[in-house]
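The following blocks contain the structures, represented as structure tokens.
What follows is a pair of complexes built around chain A, which joins chain B in one and chain C in the other.
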Partner chain A sequence: MNLSLFSSRPWLWLAAGTALAAALPWLASEFIASVVLSCLMYIALAVSWSTFCGATRYLSLATSAFFGLGAYSTAMLVDVLPWPLVVLAGAAVATVVAVAMGAAVLHLRGTYFAVLTFGMTELIRHAVTFVEKQVSGTVGRVLMVVPSEATVYLTVLLIAAGAIGCALWVRRSRFGLALAGIGADEQRAQTLGVHTRNAKLAGFALTAAFAGATGAAMAVRWTYIEPAAVFSPFIGFQTVLIALIGGAASIGGPVAAAVVFSLLAETLRLQLPYAYMVVLGLLLIACVIWLPEGLASLARRKGRVRP
Partner chain B sequence: MSAALLEACEVTVRFGGLTAVDGVSAALHAGELVGIIGPNGAGKTTFFNAISGVQPTSSGRLFAAGTELTGRLPQHFAAHGVARTFQTPRVFAGMTVRDNVRFGMAFAGRGRTGAPGLGSEAEILAMLGLQELADRLAAEVTPSQQRLLEIGMALGTRPRVLLLDEVAAGLTESEVEAMAQRIRRLRDEAGLTVVWIEHAVTTLLRYVERVLVLHQGRKIADGTPAEVVRDAAVIEAYLGDEMAEQA
Partner chain C sequence: MTLTGWAELLAGGLITGGIYAVVAIGLNLQYGLMRIMNISHGEFLMLGAFLTWWAHTTWGGSPLAFLPVVFLALLVLGVAVHWLCFRPVAARAPNVDVFEARSLMVGFGLMFLVQNVALLIWGGDLRGYDYLAEPVQLAGMRFTPNKLVLFGVALVLSAALIVLLKATLLGKAVRALMQSPMGAQLVGIDTKRLHPLMFGIGLGLAGVAGGLLSMAYEISPSMGEPYTVTALIVITLGGFGSIAGSLAGGLLLGLVEALGMYFTSPSLKMLLSYAVFIGVLMWRPNGLFAR
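Here is the complex of A and B:
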């Protein structure tokens, strides 16, 4: 796949891709539609993660927390509110939590930040489990009335397209420049006038909003919602892996990696349940060694040879 | 009398038991070209860090054009027209030379017109002689060009006060001279207040009209180069007899 082709006219490709994907459930089999749905979910998560974490190099492992909060807000609200508001509520809850979490941990860098975001994710998971057991007297929630599969598919497609559109916009904006400056040298950016704290909080909240919306939309696929499943740390790890394998500094990289990852996951999980994680691990090791800037750097290298 | 563009009152910075800057006061006025000298470990860079908000002060107060900035962050100093360079260039390696200069314009420099002849990135690049390199990545230019770009980034914020930390370190003799002339032009033509720390003391003393001498964190002299090199405390602390004879 030639990624540099996408970078020349990104909005056109985004619109064409979205239109094509929107027609898919009516054209392809149910199995293919479900694989594509999983692709779209990881595109939304990985691209929105990269928008903040890739630019600033703040490696957040909190995606699971925002995803899970989105899923839980759906579990509470799906019977009460119309579907679009349910998804927006998931995004809103995740955003509010991200602002609080960000205020507490965004002054830390590197490993400390990564570990603390992971710790807080676990904290949120256990807190939700505790409240459910003590207050609601349940370990999980069954979703009785759920929207149709096509509705869920189109919702996740819109979120994924929104995440890509948002990433494209951020890149060209002053906000994106601030994030890039923070990633390059945070203190230097400060001395040039960037309000780094506000920029980081806004970026972190933006990432969380997309993860929350994705969790809210995907929740109805499970029909049975429990903390261990929706706050699974694997969702966070997989998001980071996809973004890093794809190249977190780009947009096309995480998109391509999300597609590859979902296809691999679906095929391998059926054929070789254990080899699936092994292959992923090997892929990550190979990427770190040979492609430290991800799949996206392949396209760039190619572009440089033939300008 | 108008307020100083940047004023430090009894600024002290302690690191644990070590007092790196000890009660230093200094007022920097519009259009001044001031040198700061002192032996290694005298606290020059720490003083710079304090008066640009990079290093929180342990005590003392800071003002920019009459506004108190004590305890504020670097972006507030930048917003009040204080720009600085770092000893080791901290350019954004992955961005082009042009974008490095533009960066400050998008933030602290936004909405300000800038000093005459330094309002646009083209003017800043031309002033520094970097216009040919505008579209190269900052990582790809030579270390001495990165030193110039470091100044360009600071000028991008369209400052009134420019703090230069050893911008001539590691340059050849002729490059040092060219740098000194450039610094002089920033004051003479653009009217900036320039504060310049340098190890190449002899060059510095030929170009500045006022010099602060720091020693063990204290300010031991503040005057014209001619006065300072005759000051007994300065000679003892730093310069040695040789310099006094030359002056």
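Here is the complex of A and C:
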């Protein structure tokens, strides 16, 4: 992907890309459509993650919690509500939990924050598992009525486009400046009149809303929902990984990294699951050592992308 | 419940707690000293378990005799990992916050790497061997001797490490580094040698803990992750950087888990641990024993 063109006319490229991707299910084969779908899912997750976590440098590992909550709300509501409301409900549930979680943990920084969000994700997973086993008497839920594949695809496309649009908007807004200020020096931002607590809460909730909506939309692809699958910490790790490898301070970086990773995942993971994870681990280590600012810094080093 | 029943329950909790303490002390050396939150710590425990199992099934003999070898092997591995991964990260990070975040990500990378290499080599099956598994009677309580050995070695190791840190010049240097990295360098403590060594000792401890576990429990390549989480919980309980705190925290968590599981249900074990963890992090982020 040509990052320089993307950064000079982002809205145009977003609209063109969305229109192109929207036509895809009717043009390409089923396999390609499913690869693109997982690609879109990771774009939505990684871009919305970096909107908050990249700007403020708060390393959240809670993406899988929001994703899983979205998926579970779909499992409960898909028979009752119309589809758009189901997705919105997923986003709403994730947002509510994010606000509660954020109020409790956003005063902590660094490793404490990362580890605590991870712990909370696991806590939510174990709690859902326990409630499902004891109260509902099931270990998983089967989705009987699901919308058509094209509907799911277009929904995820809309969410991904929304996440990119939202990231573009945030970067140009006062809110985005406040988040970047927190990332550079939180105390200074506070002194300069940023209400850091509210800004962080709002940013965290925004990330969660997109992750929840993505989870709600992707849930129907599984048909069988169980906590171990939808709350898998791997979804959170992969999101962070994509955002960091792409460059969490940019938008084009995570998008490019999401494309690369979905291709890798779809081609390698099914045949060689262990080897895929080994490659992933090596890539992550290499990336942190040699490219700590992500792929986007490569483009920037050549002077093509504005920082 | 009878008195013996209580005693058995508490002793069982302490035995699990002893292992938690060794794993946590290793992790605490790495975090307290170098700010490396090594999320792959449990994977090296798993490596230690598999090394012991492999040596025992290939050559026979007492698995206890292999523990020093496992310790040394993982120490060397740890020095290598530090040299290959964490040293370059430390060299490039502008400040300690950035270093912490990046070394956390490296830890995740190592976790994927080590766990899946183990899966490639050994497959995902559960493995184990019998060692001192015949129960014995002790003051009216029944135990398998391997668990008693496990507890004894764990306690001796933890105590030895605490003495090492309190009484020797090396320990003094380590404690100085924990208090103030800059100050330690100013009085001539060689950080470049001490960091890899302590990272290696941390992994060595994890390896020994794994070897001990393999005597009493079944092992698999995915066994490490719960121990990483438990170690995190323990060092949060005991306080980051406090070795004696980790020992106390480990034993305490073992007891809490044993009691909690007895009075509620075993499926709540992880839920309990995480609840303790989050509670402590939110209300006493410097540990239960912080003054």
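Everything below uses one rule, namely that the second predicted complex is superposed on the first by the 300 of 307 C-alpha atoms of A that agree within 3 Å, B and C clash if a C-alpha of one lies under 4 Å from a C-alpha of the other, contacts with A are read in each partner's own complex, and residues count from 1 in each chain.
Convention: a residue touches a chain if its C-beta (ideal position, glycine included) is under 8 Å from a C-beta of that chain, and two chains touch if they have at least 3 such contacts.
Computed from a predicted structure; not experimentally measured.
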{"item": "Residues of chain A touched, compared between chain B and chain C (which is higher)", "value": "C"}
{"item": "Which of chain B and chain C A:80 touches, first, second, both or neither", "value": "neither"}
{"item": "Which of chain B and chain C A:196 touches, first, second, both or neither", "value": "first"}
{"item": "Which superposed partner A:177 touches (first chain B, second chain C, both, neither)", "value": "first"}
{"item": "Partner chain in contact with A:188 - chain B first, chain C second, else both or neither", "value": "first"}
{"item": "Touching partner for A:270 - first (chain B), second (chain C), both, neither", "value": "neither"}
{"item": "Which superposed partner A:145 touches (first chain B, second chain C, both, neither)", "value": "neither"}
{"item": "Interface residues of chain A shared between complexes with chain B and chain C", "value": "none"}
{"item": "Complex contact set, residues of chain A against chain C", "value": "57, 59, 104-105, 108-112, 114-116, 119-120, 122-123, 126-127, 129-130, 133, 237, 240-241, 244, 274-275, 277-278, 280-285, 288-289, 292"}
{"item": "Residue ranges of chain C touching chain A (in the complex, touch as defined)", "value": "31, 35, 37, 85, 88-89, 92-93, 97-98, 100-102, 104-106, 108-117, 119-120, 229, 232, 267-268, 270-271, 274-275, 277-278, 281-282, 285"}
{"item": "Chain A contact footprint on chain B (complex, rising order)", "value": "52-54, 73-75, 77-79, 83-84, 86, 90, 92-95, 103-104, 106-110, 153-154, 156-157"}
{"item": "Complex interface listing, chain A residues touching chain B", "value": "174, 177-178, 180-181, 184-185, 187-196"}
